[in-house]
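Multiple structures are listed underneath, in structure tokens.
Two complexes come next, and they have one chain in common, chain A, joined by chain B in the first and chain C in the second.
Showing the complex of A and B:
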């Protein structure tokens, strides 16, 4: 053992180094703690929180009731009951849309599957509740969440407007019916040949 | 009549010292949590009161209202007596600590800055502090649990091993001040920082600090309550107020050993420079005690726990010989100094 090493041992050099480090952290260390309920974390844009329903800029819901989300959902938490709109025949909507948030795995497959981008992943993550039934969300709840997280709405496409006008004009006079020529095809009888 | 007043004043003094010490104990837990979390880049208690300042109060209330459980296999009498046996020696030592210089004179009544100044003050403190080990040992044994028993055994072994170098380290200041009274010891260090015994006895001071940490079962010597191995050591089975007694005793002991270190090595209530004597002595005393307490917590945040055999080897093979050599050298130097002074 050299004299230098002995001296270092005698004055507890390594412990002093450690004390210096902890003291430095006390004075200049950056606090890592997040005071959670008062201080919310900033989430990245790709955050996949609760699934929400979106609206067009005129307030009408985007969903067309195609149930592709239901088909894509790996945990079978989406149920879509689709129907035709009374005022606009051929235009479908979801009569009842249920998203069971207790079973949702936040994979975002439904968002990818939606043909009209009516679904989106929001940054809502505080889903804790005292009543589990609150998490089985209906269309109204999903739209409300969507309004909260997506205030900027997509403009309604014009072609839809055109079709509305088309239907509005022809409602009184009756819809044009396409002429389909009827062709009689003789049905071959069994055992005739 | 005069005796009655004396007794009344003494009782009030005891109550005041006890109140101050227990308040310090409560806020020492808070300070420890805050300083530790600062050093670990955390925030520590923040919820109760502004910056968690009422946390000790909340903790105390919680412990007070908790159920008091005595394990079925425990020896009930010793189990109940052990926490008191730990707490009383921790608090009783404050009776001889001189907190300030000047007595307060109200009419015929003289209020001293210490409860009593017995001429064997240091011996008294050492005697009582080793009594505290009995409480730990008995508490560990009476719990009828293997963790408690192991914790108690470790504690007894540790306290006995470190009691020796602790006492020998204090022999240095005793030799230099030629008194066992804490007040005389403080007076002997008057006149400036170079008269403090830490200058003439640096080795004894280091030995004393290390042994004091071991005596109070603090990190890095907290083997009796090593939570990773022994759950909580000797107070594993304790709950509620009994548990808080052990806790109070630990922190009161911390303050007590810091007080003794300040009196024996850092000049008690003396100012470091004669020019700074306008600051009240009690402020100097408290500042020094607070610094030592901070040092304890600082060390806790820095150093990991020792292994038990390392602890024992360190105590017997390193601390004891160095302390003995220190006593020997101090005695020789003091003898020749006295010879020289007589000529």
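Showing the complex of A and C:
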């Protein structure tokens, strides 16, 4: 053992070296700590925060209630009850859409599964609450969050537009019925659907 | 190619074909019956050939070109759906040329498909999805716009989305080949091929739902459960349909405790996967909001909703009190024929053993008991023929049955037989014309014996008389033949013609065809078994089949049609005043009362307590008399699904579970016992009937204060079934040839045969009214099914267009029916139907009570069946001022 090595052992050189780096950052470095409640971090794109629902440019919800998100969800936190819109025959929508955020693992599978990109991962991460029930989110809550994080909305596709116009046109006159004089029509309620 | 055109589900030559051929598919050696279609045969090698237009229930059409396969030594690709397998065939289903053609077909089909799978109800069970994933390349070379059809309203229950259609024409072929309805057709050509009804009208058909089920894509879907669930969310349960006696297998599908869809498995069950409107759209009654949910007590003018424990204690206490005061004979019980075999068994045990009264009956007393006891009397069994016999028979004799309305699935078996070349003889008062898009068996018949209304009894005599010239089968007992010969000799054909309106010749032809058949099946409907003289007429028909030698051997027999799903089973399980379990005649002392006698005894004050399980005598018997009798009772316990007119009088009302909420065995009219499984938990606070009987029996028997659930004697319906089977005689399902001929010989010894002609009735301006089943409804429960209500939701009078013209009536116009007997009258709208016999009216029995009041009630002397479905009424136009716009 040389004298130099002996000296390093005696004064705990490695510790001093480490402390030196610490003090260098403490005295001369830039502050890294984020003062969280006062300062908000800037999150990268593709951040998987709370799942939200999106709208088309005309304000209608994109969701068609296909329940593929429900099928894709690994933690079974999505429940979809779909139905036919009463004012628009043949239009599927989710009568009730519940996302239990307490069970969500933010994997984003639902976002991938959605065929109409009605779902998105937002940058919402402040989900702490004193009432857990607030985290069981219904369609309205999810849309509100979506409006907050995705202000730019997609245009409604032409195909859907055509169908909507078709039903709007025929709404006044009831559902289109091809009237043919058929004998022996049973007396039945065959009114508009 | 004759085998190729046989559907594999049919009982064509394939079934008897035992010759096997060996062929190779993808280098796997497989053997299959000769003549089997390649598309079916390769399944044995675990190979599936993609297809759209092929369906085992239909004849091959080969229009979709998806099933092309390569066969060695054949110059081009061949369609597997039309190719019968042959010895030494070498088939490739995955070679380059096959894959290229499959990719091409898929690209072509997807060129126009909107790919709206997320919205489409078929998504998840769509053949286009499945085969598309397996057999198409990504991307399409089509740059053109997809075709878009204008939307059309397609009736209240079927949704048509033509953009999704792949033009496989399965729906059109099903409607044509299976249902024989031909409501659907295809029009336009090429890219614009469409499915639809004539001239783009809305769908107006039997609504069997077959087109919805058979559509490989989502072009035809059910509007009733539209967008409610995705297919993978649904829990599926096999069960047996609860509506008519056909005994169809159903699959109830639903989420949690809500049934949202019904389907069936191709080829499965007695129905081979076919359903009718009631089966397919009639599930709405299960989860209906009007279902009874809590037990109710009516005491001193107050109605209390109580707990089950309270209701059981009260019922047991009151029953015991009445037994102590008036003896056990003061109690009577009637069970509905919609209950399972287990429940009927347990009910008769509760009445006979626990309470000790012989007065047990079932609603089979409204008619079906005629058929059962007459068959049992002569043949010792009621299991004489099956649907297989109908399909393979060469002559079918349908007496007094409108099968397309009352038993549509049994009707399909007849249609299949006719298509396979069987001769159909129908005997009823309906006209042989049919309405467009509705099947009607007389229109398919080779001989339609169009008798006058209500003269079945005389027509049967005509058939028997005509048979004697043809020569009697050697198997018929001589004593019986001689006796009948003597009886019919005194009746002349001229008299018969005067009554029935049919000439001697038509009887002779029919009798000759029937007796000359190799295998003939006689199907007997409501027109005989539920009409005046039902028991005797049933015996006469049985004698007819004995004389013709068309019973008691393979492939020939008699099938009485039941309008309730378990009429056979309930009686066989012992819930009948004359039978113990297994159709053993009982000698009870005092004599067991039938339903009608119980009502009489209640009116007289002899019967103090009545237990009605799903029975609604107020609807079926004269109302005033029944209402008086019910109010005379000290205790009326009713057990039902829905509030009815009868159970409004109940002192204790117990909510029962429907067929979807319990498991149990049901016997259809062929005598086939099938098990239905529990699909959902009982709705509301209802309990299965067997559980109610079990708990009540314990309550009555044991003096205890323990809570009721500790006392349940039977833990499951299966346990009851085991005991019920043990209670049956050993040979309860036996129908051997020897046993039948032994019984026939015994019957011939003691038979007292009566042949009486009916007196012809002068018409003098009255029309004949028949109450009966409509094809969209069964009993009264179906009124709660929303789907069926969309098809028919009100009472109407069906009348032949000629009669309507003579009376200057138009479709939908209101008429007044009045009875000159009781003076009562009813106002109803009319409906025109070609198949209605002239001078006869028909009213569906499912709705109002008032029509029943117009008709006279007669009671069968032997079987005590009340007949109140037929009678003369006067029809008059309602004055225009009182006309209500319907």
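Note that in this section the second predicted complex is superposed on the first by the 141 of 193 C-alpha atoms of A that agree within 3 Å, B and C clash if a C-alpha of one lies under 4 Å from a C-alpha of the other, contacts with A are read in each partner's own complex, and residues count from 1 in each chain.
Note that contacts are C-beta pairs under 8 Å (C-beta built on N, C-alpha and C of every residue); 3 or more make two chains touch, one makes a residue touch a chain.
Everything numeric here is computed off the predicted structure, so don't read it as measured data.
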Chain C versus chain B, contacts on chain A by residue: C
Which of chain B and chain C A:30 touches, first, second, both or neither: first
First, second, both or neither for A:15, with chain B first and chain C second: first
Touched partner set for A:57, first chain B, second chain C, both or neither: neither
Which superposed partner A:84 touches (first chain B, second chain C, both, neither): second
Common ground on chain A, meaning residues reached by chain C in one complex and by chain B in the other: none
Footprint of chain A on chain C - complex, ascending: 114, 117-119, 123, 148, 150-153, 155-156, 159, 161, 198-202, 204, 223, 226-230, 232-233, 435-436, 438, 789-794, 796, 801, 811-812, 829, 831-834, 886
Chain B partner contacts - residues on chain A that touch it in the complex: 15, 18-19, 21-23, 25-26, 29-33, 35
For the chain A and chain C complex, residues of the former touching the latter: 64-68, 70-71, 82-84, 90, 92, 115-116, 159, 162-163, 166, 175-180, 182-193
Residue ranges of chain B in contact with chain A within the complex: 35, 38-43, 46, 298-299, 301-303
